[in-house]
Amino acid sequence: MVIRFIKRFYTFIIFSFLYAPILVLIIYSFNNSRSRGKWSGFTLKWYVELLHDRQILSALYYTILIAIISSVVATVIGTMAAVGIHNMGKWKKSLIMNITYLPVLNPDIVTGISLMILFIFVKMPLGFISMLLAHITFNIPYVILSVLPKLKQLNKHLYEAALDLGATPAYAFKKVILPEIMPGIITGMLLAFTLSLDDFVISFFTTGSGVSNLSITVYSMARRGINPKINALSSIMFIVVLLLLIIVNNRMSKDDSIKESA
Amino acid sequence: MKKNCKVLTLVFLIISLIVISSGCGGTDNSNKITLNVYNWGDYIDESVIDSFEKEYGIKVIYDTFSTNEDMYVKLKAGGDSYDVAFPSEYMIQRMINEDMVQKIDLNNIPNYKYIDERFKNLAYDPNNEYSVPYMWGTLGILYNKTMVDDVVDSWDILWNEKYEKKILMLDSQRDSIGITLKKLGFSLNTKDPAQLEAAKNELIKQKPLVLAYVGDEVKDKMIANEAALAVVWSGDAIFMKRENPDLEYVIPKEGSNLWFDAMVIPKASQHKKEAELFINYMCDTEVAYKNADYIGYSTPHVEAKKLLDPVITSDKTAYPDEEDVKNCEVFEDLGDSLKDYDKIWTEIKAY
Amino acid sequence: MKHKWITYPYIIWMIIFIIIPLALIVFFSVIIETEHGLQFTLQHFKRFLEPVYMVVLLRSIYIAFISTLICLVLGYPMAMILANRGLNKKQFLVSLFVLPMWMNFLLRTYAWLTLLENSGLINTLLSYLGLKKLNLLYNNYAVILGMVYNFLPFMVLPIYSVLIKIDKSVIEAAQDLGADSFTVFRRVTFPLSLPGVMSGITMVFMPSVTTFVISRLLGGGQYTLIGNLIEQQFLYVGDWNFGSALSVVLMIIILLSMGVMSRYDKEHEGGGLW
């Protein structure tokens, strides 16, 4: 049918749009020239050099570690906050939401520098913990913004019905509310993880003592020209995550087809 | 749902294992002294860090920054204590004025003797009390020989309407305003409002001819023949010429900017002796040669230069004569006048 | 209904990490260092009123507005399509949607340069096919393209997460009552998805106003945006007072405009200012 075709076509266009630069990025990781402006033939040398680069691998480690921890912590705090905010009166809700918007709307430099000053003021050494705290801070608003719409969509009476049927508030929350808002929680966590992976300015100003993330490494290289080792690293990361997603997806569809045939 | 959770947890664990194993090898719990070094990204041959660590038993923690200004804010705020930093000349002057660097005892840096006399005791650090040069270069015009048929020897060519939308300017206040000042015959460190106003008008006049105000991506663009003319630093010019033989670099006759990246010891450093050891190590002939070879910029080290490929050392782009740079100035810290530069730059870019 | 304590962790976090730094910024914006020490002043705010800065601010808001609009127009259908797929592929496709954002931003934007340049891949393809080369870079279109590219997932994901749980029986009821697809969308689906739309708009518009790297790389640095201006104050000029004042003005303007927008969202309380 025409509509089906349009849907598929549209999806194809949007995904091509999203993936075109990624494809370019991957192709140029095999470029023999160090410059993006010229194609000098196919080579694997950047991948080899990557394995010996202690700085980049250390940055990768911290990047992923901080992304995972900060997105999980932000999701927990943010979800709890969203549930609380949802039930607040109008004025309190507006106030808290407006403050929540601040890390989202402020330029990174302002958030980064103000957090840096805060950490220095309380004499906290800049390093892993300070960078982690900063990441959690800018992640939480996105979690709240993802979970809140799901809470608004909820049917209030379901919760009350559960309580009427004898459930404790905790049980009712776990069995009734949580499944309903789960898409929002997952969206929030995904967005938080994404933001954390790619942050430069805030990370730069809140870290120190040898703790660096990939973004800082890449931006610091910009003056000299981004080494295609980074392309190589990004390509590897992309393939790994893509494979993981495919594997998880296959396993899940196996489960469902088993369920269906049962 | 339960099975999905199990799969996801397994995936999560595998990722964590991979990540942790890539991070291992970085911890060393001996009572070594650690030296915190703060440098530009990709601005050192990493093997020299390893050889330094082996030779002196000092562990090096290496952090990178992307601009002088970022580095300045971090150091000023005082959150970390770096032992060696590699700022550019105008930033060194600012740091000296603001008491952010320690005096270096040149007696502890015997290798200092290898630095070319031309690059000692310059205006930004007279008597070299606070810094030791690391790399240097000039700012000039890079042009594509196949796209430019005029003689290129003056900043005027960047205002030539023949090259409309084929000119790349730097998205950097001091550099772009600076070269315009040079074109008009003024100093690129001027604070005179009339001169600055004249420069502003020139730049506004030029704006329709400019393809883009670029930053670091200028290298790839000129290699790809995207534009005919660009303002670039000599270090990058060396790289670009190698990748694209149609490119040529020239320092205009009105003069230009002479830049230096040098090593300093920030005030907060607790390891002055070790820092001086590191700086001295960087000035060792073999080490300086390795760095110059890897980075590809011009080294101020006389002996290291001798070890480099003569094709490079005879290239005026990398190693211009005294004659070529006689009208070049070093950037000075402008203090409060920076606000004027900023206002002008915003006005140029606002409309 | 819910216990109050549940918000406390966030409130504490908020006070320490958002409010205190905010207080710092506000403090910087109203003081000036003179020979007599620190003094209270509003001169930094007065400086902002000069026409050149207004132009910069308006241009930033305009670009952010257009980008948000396009994200909404492109993103909503995408969210609908994603929400209607069979169960497994949904999760997979949504993850695929976010995956490009996990690659470094600078690298991705440089890749756009490779695609859009005069000697770039698209133009090379066009000239190979005998067509004229297009000027795809260093104009407003390139900037908007870059912005949309960067923010589309932030619009799609919240809308998607709301759409998948829209009660099908409500839609079926509307259809039973004789509504055609368009009316169902207009009167049922869209209003029910509004909370997600509001979140999406928030997550796109706000950061768009202060984003400037995209404009610098894809727009050729032709125009200063408010994000550039603020960064310049903090880093290049060292005038933290003016930079802070600019930030405070920006905060007030954006929060006010969000407040105005949420008035159109009366039942659903998007969470604006009043």
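First chain written, first letter: the chains are A, B and C, and each begins at residue 1.
Just so it is clear, a contact is a pair of C-beta atoms (placed from the backbone, for glycine too) under 8 Å apart; a residue touches a chain by one contact, two chains touch by 3 or more.
Everything numeric here is computed off the predicted structure, so don't read it as measured data.
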{"item": "Chain of greatest Cα-centre distance to subunit C", "value": "B"}
{"item": "Contact-richer chain pair [A-C vs A-B]", "value": "A-C"}
{"item": "Inter-centroid spacing, subunit B versus subunit A (mean Cα positions, whole Å)", "value": "33"}
{"item": "Separation of mean Cα positions, subunit C and subunit A [Å, integer]", "value": "16"}
{"item": "Multi-chain contact sites of subunit A, meaning residues that touch two or more partners", "value": "36-37, 113, 117, 218-219, 222, 248, 252"}
{"item": "Numbers and ranges of subunit B residues touching at least 2 other chains", "value": "67, 70, 73, 215, 220-221, 224, 226"}
{"item": "Interface hub residues of subunit C, defined as touching at least two other chains", "value": "110, 113, 119, 234-235"}
{"item": "Subunit B contact footprint on subunit A (complex, rising order)", "value": "33-38, 53-55, 57-58, 60-62, 64-65, 68, 113, 116-117, 119-120, 125-126, 130, 204-205, 208-210, 212, 216-225, 227, 244, 247-248, 251-252, 255"}
{"item": "For the subunit B and subunit C complex, residues of the former touching the latter", "value": "67, 69-70, 72-73, 171, 173, 207, 210-215, 217, 220-221, 224-226, 338-339, 341-343, 345-347, 349-351"}
{"item": "Residues of subunit C that touch subunit A when the two form their complex", "value": "1-4, 6-7, 9-11, 13-14, 16-22, 24-25, 74, 77-78, 81, 87-89, 91-115, 119, 121, 149, 152-154, 157-158, 160-162, 164-166, 192, 195-196, 198-199, 202-203, 206-207, 209-210, 212, 226-227, 230-231, 234-235, 240, 243-244, 247, 250-251, 254-255, 258-259, 268-269, 271-274"}
{"item": "Residues of subunit B that touch subunit A when the two form their complex", "value": "3-4, 7-8, 11, 15-16, 19-20, 22-23, 25-26, 36, 40-43, 46, 61-67, 70, 73-74, 77-80, 215-216, 219-224, 226, 236, 239-240, 243-244, 295"}
{"item": "Complex contact set, residues of subunit A against subunit C", "value": "7, 10-11, 14-15, 17-22, 24-25, 28, 36-37, 77-78, 80-81, 83-85, 87-88, 90, 93-94, 96-111, 113-115, 117-118, 133-134, 136-137, 140, 142, 144-146, 148-150, 152-153, 159, 169, 173, 180, 183-184, 186-187, 190-191, 193-194, 197-198, 200, 214-215, 218-219, 222, 226, 230-231, 234, 237-238, 241-242, 245-246, 248-249, 252-253, 256"}
